[in-house]
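Chain IDs A, B, C and D follow the sequence of writing; residue 1 opens each chain.
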């Protein structure tokens, strides 16, 4: 089983040199820590910035410079600032090469639920619906099973949807899956170290498939 | 050049009345029209519909209007971080319409660019799509979303000139330029007001034609919502806590 | 009868302090010369400028600074530059208070033709179709009769249209008209000095109406 | 930061082939990608569809491509000032689609903002509306106009950095920013190329994410199409010839 950093390390391997990347809150944020130094990426913050850098040194925080999580940040050389319409314009126009976000549920057809739990107070979808509906290349970082042991990889999502037929790749603490959006199904392509195909199959409620020899993940970072 | 200068928020908002629809710029607490919000509180106008990406925190930003129960309806993309907001929502005092952040921004842009509606894929297949027209272009489904209409747009810029031209600073830009274009009346408050001719015409983000009234604001707090820092020594970009992600 | 400058002087009276104005090529350009000094207006050039000033002094021309007629110009203090999408955005959003343009024909329902003559080479509509379809307040500056003596104020335009039901005011060498877009008709509201109602009626092919005492124009400038 | 720098127009346009659709920035001869146009002439690619507000003059701008009969179709809003263009049009060698200037700009914007189509009132009731969907919003008719698709967008900026960020100068901005956003591949030529980090992030008009290749152009002529001046002495703003209107 991977911990959160393990998931982030595995996802970091999907990032190619020259990518523009949008990282969601939570595990996706951790991915930034595992991008190799020789891989040049530009991080987009959807409030209106390309070229997001590390947190500022103490005393150098600037209230005019925050990320989509409202944290104080810095800008790297080559940054550009723009308004929110252009920010989501470039997202919709698929100029962002890779979007990494968390999820509460994913279905075998690539539907995703990650913004609302009935009975709990709704805070809003923020930019999540725009991101999932627009991005050509999304990786979902999520836990495969809930604390009560239920699979979150489902035939159909039970929670209100954030987007439909948009998720093609999922990385969990147990495995990497590709989703067949057209025909439905989670195809196992990598196992976490020490986790068997059977364990993964048992933790997948949606339709599951696996080749004969599913390799173990090689973790980057 | 046309002079758009008013004395202060009181003069700028003199004709804001109960029941109006207001747009308020800012993302989180960054780049919000502090002086205008304070004036709305002082003025006590009520039954407002507020269009803003967020709803502030309990004691700052739009939260101040919520405290005084001046808001009838909130149109936003994310409204966390606000206990009073939650209370009013659960008690049914407050109406809330949640819409995707990009849809919010683009519906402002549409208003400012004279486009009655736009197509966006955001929300297709979700509850956001309920009652909306879905249309397929090139094999992909899009929702038809209407341009906003707002009686007033209240925006905050870094520098502005007497002709109403505005320049924003860093990510305090966010929704301000698109909302500035979308108000029937647009009020801009700026940290520094300069004479027309001071600003480089190539650097202006919002041309003065979109701005009806402008004033230099006072006593900006510019509160930070989440102060995140790294240590001076031992910066290690492989450490999560050192990286903003 | 007014000459071109006379038409421009009459139109200049329609410009109010604080107006943003877009001036077309030809007679409309002349209007700028007759705007009173205490009337503050900002001229828009639809290629992407607010705050257009006079031509530059010789030797100070800048190839990066032209107007919609491709002439070298200057910028006044308080100018702002923007791209063509924003330029037509503000036109469509009716932020420009007054648009003044020329026409070859206008109909009694406010249709306008000013871009194309069948059999002659077509150069294109440029921004004319956007302007007439968007502006809330348009004044057409035109000749009432052609060189061959035909009225250009028609029941229906004979030339290809630039826009429909959009022109509410026309200033010619003979008169000022308001057009009743809903019911159709040219209502005479002012006569050029020395021109009779009958002369104007005879030079108007579309439906014509006039009150009992139509005043002579007072020319500004 | 990602490095987008190529050596010159030759390298930038190496994969442009016959039959492609190109967008070319500029208004008149102002802000046109001179180096890219010269390279297209040198390269000799043909059957091009060119989207540009104008078609240059006989011996400059897109006129150079017309001289070599490299253009199959021209999509523009105004094509005067070009005798060779007229000749090819009348002889049927050249196809021309004239569209309103604002529609042209907004169809570029739509592509850059991922909107499949936009609504505009321009052209309603005219021959431009033929075959297009008309839709009424709030009592006013609008045409549905589709986003452009272009294989390459060729734009000219004043300054650019190695990350592809662009700043335009004065009215040489015009169509360049919207076309820069709309190309499948966007090539930017700049008068001055600077290292990433040189430009103020608040001053950037086109963020580098939209730009795939950038180079510092050479030998800019920046020809003036209509040189209009006023006299140093005796300026009289009541004289037509002294005022640009």
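Simple rule for what comes next: a contact is a pair of C-beta atoms (placed from the backbone, for glycine too) under 8 Å apart; a residue touches a chain by one contact, two chains touch by 3 or more.
Computed from a predicted structure; not experimentally measured.
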Chain B and chain C share contacts with D
Greatest Cα-centre separation from chain B belongs to chain C
Comparing A-B with A-D, the one with more C-beta contacts is A-B
Note: chain D sits from chain C at a C-alpha centroid distance in Å of 27
The distance between the C-alpha centres of chain A and chain C, rounded to whole Å, is 55
Separation of the C-alpha centres, chain A versus chain D, in whole Å, is 37
Chain C touches at least 2 other chains through residues 49, 75, 81-82, 85, 88-89, 91-92, 134
Residues in chain D with touches to at least two other chains are numbered 106, 113-115, 120-121, 168-170, 173, 201-202
Chains touch one another in the pairs A-B, A-D, B-C, B-D, C-D
Listed in rising order, the residues of chain D that touch chain B in the complex are 106, 113-121, 137-138, 140, 142, 146, 167-170, 173, 201-203
The chain A residues in contact with chain D across the complex are 17-18, 20, 40-42, 44, 49-51, 75-82, 85-86, 88-96, 134
Note: in the complex, chain D contacts chain A through residues 1-3, 111-115, 161-163, 165, 181, 195-197, 201-202, 204, 207-210
Listed in rising order, the residues of chain C that touch chain D in the complex are 5, 23, 28-34, 43, 45-49, 52-67, 69-75, 81-85, 87-89, 91-92, 111, 121-130, 133-134, 160-165, 221
In their shared complex, chain A is touched by residues of chain B numbered 27-31, 53, 76-80, 86, 89-90, 98, 100-106, 108-109, 120-128, 158, 168-178, 205, 222-232, 235, 237-240, 242-245
